[in-house]
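Contents: one structure, followed by commentary.
Chains: A, B, C, D and E, in written order; residue numbering restarts at 1 for each.
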Amino acid sequence: MSRYVKKRSKKAGLPPGTLVYIGDRKPDGVKITILDYNEADFHEMDAGTVEACFPFRDTLSVTWLDVDGTHDIETIRKLGECYGLHPLVQEDILNTDQRPKLEDYGDYLYIVLKMLSHDERSGEIRSEQVSLILGRSFVISFQEGKEGDVFGPIRDRIRSGKGRIRKTGADFLAYSLIDAVVDSYFVIMEKLGESVDILEERLVDRPSPETLHGIHALKKEMIFLRKSVWPLREVIGALERGDSGLIQEPTRAYLRDVYDHTIQVIETIETFRDMVTGMLDIYLSSLSNRLNEVMKVLTIIATLFMPLTFLAGVYGMNFRRMPELEWPWGYPAVLGIMCTVAISMLAYFKKKKWF
Amino acid sequence: MSRYVKKRSKKAGLPPGTLVYIGDRKPDGVKITILDYNEADFHEMDAGTVEACFPFRDTLSVTWLDVDGTHDIETIRKLGECYGLHPLVQEDILNTDQRPKLEDYGDYLYIVLKMLSHDERSGEIRSEQVSLILGRSFVISFQEGKEGDVFGPIRDRIRSGKGRIRKTGADFLAYSLIDAVVDSYFVIMEKLGESVDILEERLVDRPSPETLHGIHALKKEMIFLRKSVWPLREVIGALERGDSGLIQEPTRAYLRDVYDHTIQVIETIETFRDMVTGMLDIYLSSLSNRLNEVMKVLTIIATLFMPLTFLAGVYGMNFRRMPELEWPWGYPAVLGIMCTVAISMLAYFKKKKWF
Amino acid sequence: MSRYVKKRSKKAGLPPGTLVYIGDRKPDGVKITILDYNEADFHEMDAGTVEACFPFRDTLSVTWLDVDGTHDIETIRKLGECYGLHPLVQEDILNTDQRPKLEDYGDYLYIVLKMLSHDERSGEIRSEQVSLILGRSFVISFQEGKEGDVFGPIRDRIRSGKGRIRKTGADFLAYSLIDAVVDSYFVIMEKLGESVDILEERLVDRPSPETLHGIHALKKEMIFLRKSVWPLREVIGALERGDSGLIQEPTRAYLRDVYDHTIQVIETIETFRDMVTGMLDIYLSSLSNRLNEVMKVLTIIATLFMPLTFLAGVYGMNFRRMPELEWPWGYPAVLGIMCTVAISMLAYFKKKKWF
Amino acid sequence: MSRYVKKRSKKAGLPPGTLVYIGDRKPDGVKITILDYNEADFHEMDAGTVEACFPFRDTLSVTWLDVDGTHDIETIRKLGECYGLHPLVQEDILNTDQRPKLEDYGDYLYIVLKMLSHDERSGEIRSEQVSLILGRSFVISFQEGKEGDVFGPIRDRIRSGKGRIRKTGADFLAYSLIDAVVDSYFVIMEKLGESVDILEERLVDRPSPETLHGIHALKKEMIFLRKSVWPLREVIGALERGDSGLIQEPTRAYLRDVYDHTIQVIETIETFRDMVTGMLDIYLSSLSNRLNEVMKVLTIIATLFMPLTFLAGVYGMNFRRMPELEWPWGYPAVLGIMCTVAISMLAYFKKKKWF
Amino acid sequence: MSRYVKKRSKKAGLPPGTLVYIGDRKPDGVKITILDYNEADFHEMDAGTVEACFPFRDTLSVTWLDVDGTHDIETIRKLGECYGLHPLVQEDILNTDQRPKLEDYGDYLYIVLKMLSHDERSGEIRSEQVSLILGRSFVISFQEGKEGDVFGPIRDRIRSGKGRIRKTGADFLAYSLIDAVVDSYFVIMEKLGESVDILEERLVDRPSPETLHGIHALKKEMIFLRKSVWPLREVIGALERGDSGLIQEPTRAYLRDVYDHTIQVIETIETFRDMVTGMLDIYLSSLSNRLNEVMKVLTIIATLFMPLTFLAGVYGMNFRRMPELEWPWGYPAVLGIMCTVAISMLAYFKKKKWF
């Protein structure tokens, strides 16, 4: 459940803008990486302290501050003050249960995304909140500090100077980060697709209560996914169509492209939901089918042996005067009758297509 | 049911604006607390009579009148007259079955909220209506007079002068009250999340009719919750985007924040609904599964013993001429045949994976 | 079904504006009551003939013509001609299967409402169409002529001159009539709420096919209610926001109040629908539960006695050489074996938690 | 299925505007009836050839060309050319699987309707496409040429000169035709209502697989109906609110009336759908109920006789030393025990309310 | 599953506009066909190399470049550069998992469609992406290079000069291509309709688990179809209503026609979905019905023979003193009692309508 409701209650009653970290694990330290570049130059450094980031606020070159770890309240506060972030933005960066959203504060845009990854061990989808601050000439990205991210290829592209990224502004960098996050959803989709395939195959072969729990688990994953991806559509749509001066015209075409990808992801999720619902129907009717089959076996057995046992019982009675018992051919005759009854019943079942 | 339909019928036929209290319990007395403050000064007092509140109407400092108990019609009427409240507003304050709403009367805004709390004994969610009147320099809050509220921390913040609250106007106070109400929903969400978790666990371990009633009860709580929370979204959205002069620009950013929280609460409720629906499916198919299992046991037993009993019956017949009965090895032979039949049937069931 | 489809087919092919009465019962006579009032004066009279109503068309005081019975085509036609009603309006007054609607004919508004009442005998909800014509200084209300209406308190208020009604215009009178109709819905809601409560209790205690039919009947009532109430929301919304000069500004606040009530009624219906749907699920799974229980009893009995009967059958065989039969302790030994088998089976079922 | 998908594939690959008739049956000949009228004069004639229609294009009086049979491509083409119909309109007149729609070509409006009739023999609803061309002073109606139509009363009204129709223009004639089509839907609704009633009664009395197929057939009829009626709402709404100069102001009030009727039809269909869905639920749970009942009978019988048979079996064993067999009161005692067991079991079932 | 999720993950991390082919099979070569025509002239040729297409960019006559095969990245890149296609468009042409969409790049429109065909062998619907570039005087169409397309008749019409196509511009050509694609959907619809018919017939005759899997497969086809067709509605609607200068006025009427066809396809899919859902209900209740029938047989057999076997057992007991056994008419009397019991039970079942 902790994936669906975080311990927001810690915060109840505190004044707005109070910085409280509500995530569950506190990694060791906050790591800030600075990438500063323009078409000609490129600098990369680890900021030992948060103060090292301050001089980059007013440079003309594009600066990307990547803050990995949001548990250190002091760091966020100092950075927020230097870059003029609203107290509510600082609060939201720490609250890692935000839904994806876009807020326009005039000087900068505040974007919340969910970076998803597939946990191989538990088979669950893990989510990490990424907050982006897009200013005139800088982008600050806040990650929760979990292992790994999806921004490696972007760093490489900046370092190597390939593609458009070094020739364009901070808005293109922000687009690239969003694009990387959305692209990673396709990997999740493929994993989900495989799970759906496996479940479907198992459903046809040998449905079992485990299949049912598999379907249930898959459904829960999709509820979780939808919650992370649906609002994104609105966010990117607002970025593309919005009138913020921070987004330049050529970048909008690229945003439209990410928008299309988001819709594709959403449609795929909906397709999966439809299919999983269909699988539940199949599971339930395969249960009924099996019950039918078992019942038929029982009915055939009972219908076959009950009359025979009754016949045997009749000639097991101890009446003094039972003329059949004296007949020399009585026993074989009864055996013959029994065979006839059994065979005609089997023929009846055959006609009824019971086996 | 009383949570869903209140005794509105008492009112049928009365002229509009007639004040009738429709709540079910009448607490002892109405308690009015006055908090009057600006950045420098702060006064707090218990108003013995309603008349003690009148002088605060025209002060320049921010005044918060907290009326605890709406059963005393006369108090509401007098206060309403002094502060110029429309008769319909007075009526709505008494009708504690309002849905959350916002009404703009020009000079003041009328806001209805639902304060929710989790009743530990019955496990149900209890609701208390909070009516807010936001004027130029005052906020009047009406509570139903049930035990406890969620405004304690706000009082403390006003007393101590910490945070922004003393430096800002009545609109920020109103925002703070709304924020406190919405924050308290997260506590309810966590309680619900726990209930969902417990039910889900029990569903997997040992589904029983009690589980079903648990699911049903949970569903009813959610229907109740939705009714209280859904309209709030519209209310806060209208406050944020509205053009009422009573809301100042800096407060809108804070309202947008509460708006986000409301959406988060709504999405969580919807997520829970989806999960509870899924649990019902699981419950139903676990019933089918168990039926299947029971039927298999029955079928195995019947299939095993019916032919054997029949065989025993055959050799229990009293025909005079039954040559097998005379054979010295007749009895062991029949026992042998019986064993063979039983074993081959068990092998057949094994192959069919029936056990 | 007659509640859902009225005999419209009588009308197929007739030119539009042809007056045909499609209701099912024709009460004895049409009764027209005239109430004419302003702040100072008040007249009430029974109009013997329709012509008695004509002089009130042009008075400055507010006139309320309450026409009880719509089966007399001639009356409607004459009244319609005198007050300038469009032929289609006259037709719609007679067609008592209209859905609630608002039509603006410039000089007057035509409003259709459904007055609902709970029929104690059949337990069904009965509907009566109320058509309102709101002119500059008059309101004409047409009722189907069934027993009773909900306008008694309004008549009393006009007679006594209490409240705002005598001080205001025809629009406030129309509002009061609509308000009375909507208030009466709350009575229906309470009745429905009780039915839901009773059904729910019975569902938990002893579900039976009657419970199912109760649920079905309740569902049908709700489908019927929805059809009557849903369109009302739009009607009152249009009245409140509309730009008809016939509605004065102060009345709009009152209309907004009725609008809220309508939404409350709609939400309650939806809540009931959700609950009734949930009850159906419970009923179905309680059926499955009971089947499970019955099957378990059957399986326990069969599993217990089949092996024992088989054992008894074995020693009932008549083979000449069955050494066990000769043993002095054979009989008690077999009885002992039988007990052991029975007890170990019961232990097995106990372990499986079958009883 | 042919009602749902017509042989459109004949047309795949042909250039747009190619005239191909896709209906299934070709009636003998095309019959064109000309009605030309104004307030004073009236002419009615059968047009032998299509050329006979041409002179009426430019008369000032209102002309109604009723073309019965759309299989003769040449006729449509010539008429289309003379009256200036767009090739796509000519194509759509022939394609009798159009959904209801309205197209504004400036000089004329093109309206597609579905005329429904109830086929007594098959119990199915039959559909015939009616295309209307509304020009400045003419209306052309194209019917598929099936037997019968619903326009008889309109012809009579034109002939007799009663009502408004002879005093008004072509737009009122078009309205009258649409109104006649929509009015005929009410007849279908009543037939459907009767079917629902009959099915519901049978469901309560004696549900059988035939009931299920009845429900299924009804559902299919409704899917078919919805497809024909839903788009009509939009069509008439667009006619009423549209800004085409071909519709005069007084006619709009009449169109609003048809619009209301359409909504009434749609709501009735939705009500039926809800009820049929509810009937399916009832059917399914009545099946479960019956299964429960059958199972109870089986369980009672088995529980009653299995222990008794076992007892009889015990005393049928052939052990040499079975002291009970020697007792003089052994037999009556066993019979007594058997009775006691049977009676106490029946009492137990009675207590469990199994019968 | 591969139909639902393509291997997008190959692309994760690459800069936007990187050309990567994600389809699954690589046909041998790319084939480019050039058709250049105006009302008077017509040229058709196979372009050996991509460079052969360049001169046609600036001709005044209409040019249709049909590129069959999108796996050769270099060809797309060169063509894209010459005709000024945005890198994202080039990327999307290669990504064959696009959803249908329309993008307006000012100088040209980029349209994505899905060409569907029914694979006779697997019974599945196959999809091929068609990308159209509509410029001032040229149309470029990109197909995935699978066997066959639906554009043959258009080529023939251009060659022969019949119809409007040679007299009109590139926009009409683009319309014709879209129209051909949408027309081909009707063929798919007919195939689906046949499948629905067959399944429905089989459902009534002899429902089996195969029927269930057939329903499931059909449902999956429809989910797939919807994904391909739904967005098309928006695409063509935007084309028709859009303000792009590339679409001339007379073509809009034709686009409205295709728009209607798309809606017809969508409605047919929805109709099928409704019917398939109904079939699932029928299947499930036919299962229950059959279970009921089997259970009845079992119950009849058991109820008939259990009392008889019990009776036989009683008189098979070995008590020394059983007076009935000595009676001369004991045996016939017991046989008579047995017959009476059996006949009265059968009569009871007859009355209960169990067979």
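Here is the rule we go by: a residue touches a chain if its C-beta (ideal position, glycine included) is under 8 Å from a C-beta of that chain, and two chains touch if they have at least 3 such contacts.
Because the structure is predicted, anything quoted here is derived from the model rather than measured.
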I need the common contact partners of chain A and chain E, sorted by label. none
Specify, for the interface formed by the sequence copies chain A and chain B, whether it is same or different in terms of residue numbers shared by both sides, with half as the dividing line. different
Rounded to the nearest 5 degrees, how far is chain B rotated relative to chain C when their C-alpha atoms are superposed? 70
Distance between the centres, which are taken as Cα means, of chain D and chain A, whole angstrom: 42
Mind checking the centre-to-centre distance between chain C and chain D? Centres are C-alpha means, answer in whole Å. 26
Mind pulling the residue numbers of chain B that touch at least two other chains? 284, 288, 291, 295, 298, 302, 306, 309, 313, 316-318, 322
Among line, ring, star, complete and other, the chain touch graph is ring
Listed round the ring from chain C, going first to chain D, the chains are C, D, E, A, B
Sites on chain E touched by chain A in the complex: 1, 4-5, 7-9, 11-18, 86, 88, 91-92, 97-99, 101, 103, 105, 206, 209, 212-213, 216, 219-220, 223, 227, 280, 283-284, 287-288, 290-291, 294-295, 297-298, 301-302, 304-306, 308-309, 312-313, 315-318, 322, 324-326, 328, 330-331, 334-335
So in the complex, which bits of chain C are touching chain B? 150, 152-154, 157, 162-165, 176, 179-180, 183-184, 186-187, 189-190, 193-194, 196-197, 204, 253-254, 256-257, 260, 263-264, 267-268, 271-272, 274-275, 278, 281-282, 284-286, 288-289, 291-292, 295-296, 298-299, 302-303, 306-307, 309-310, 313-314, 316-322, 353-354
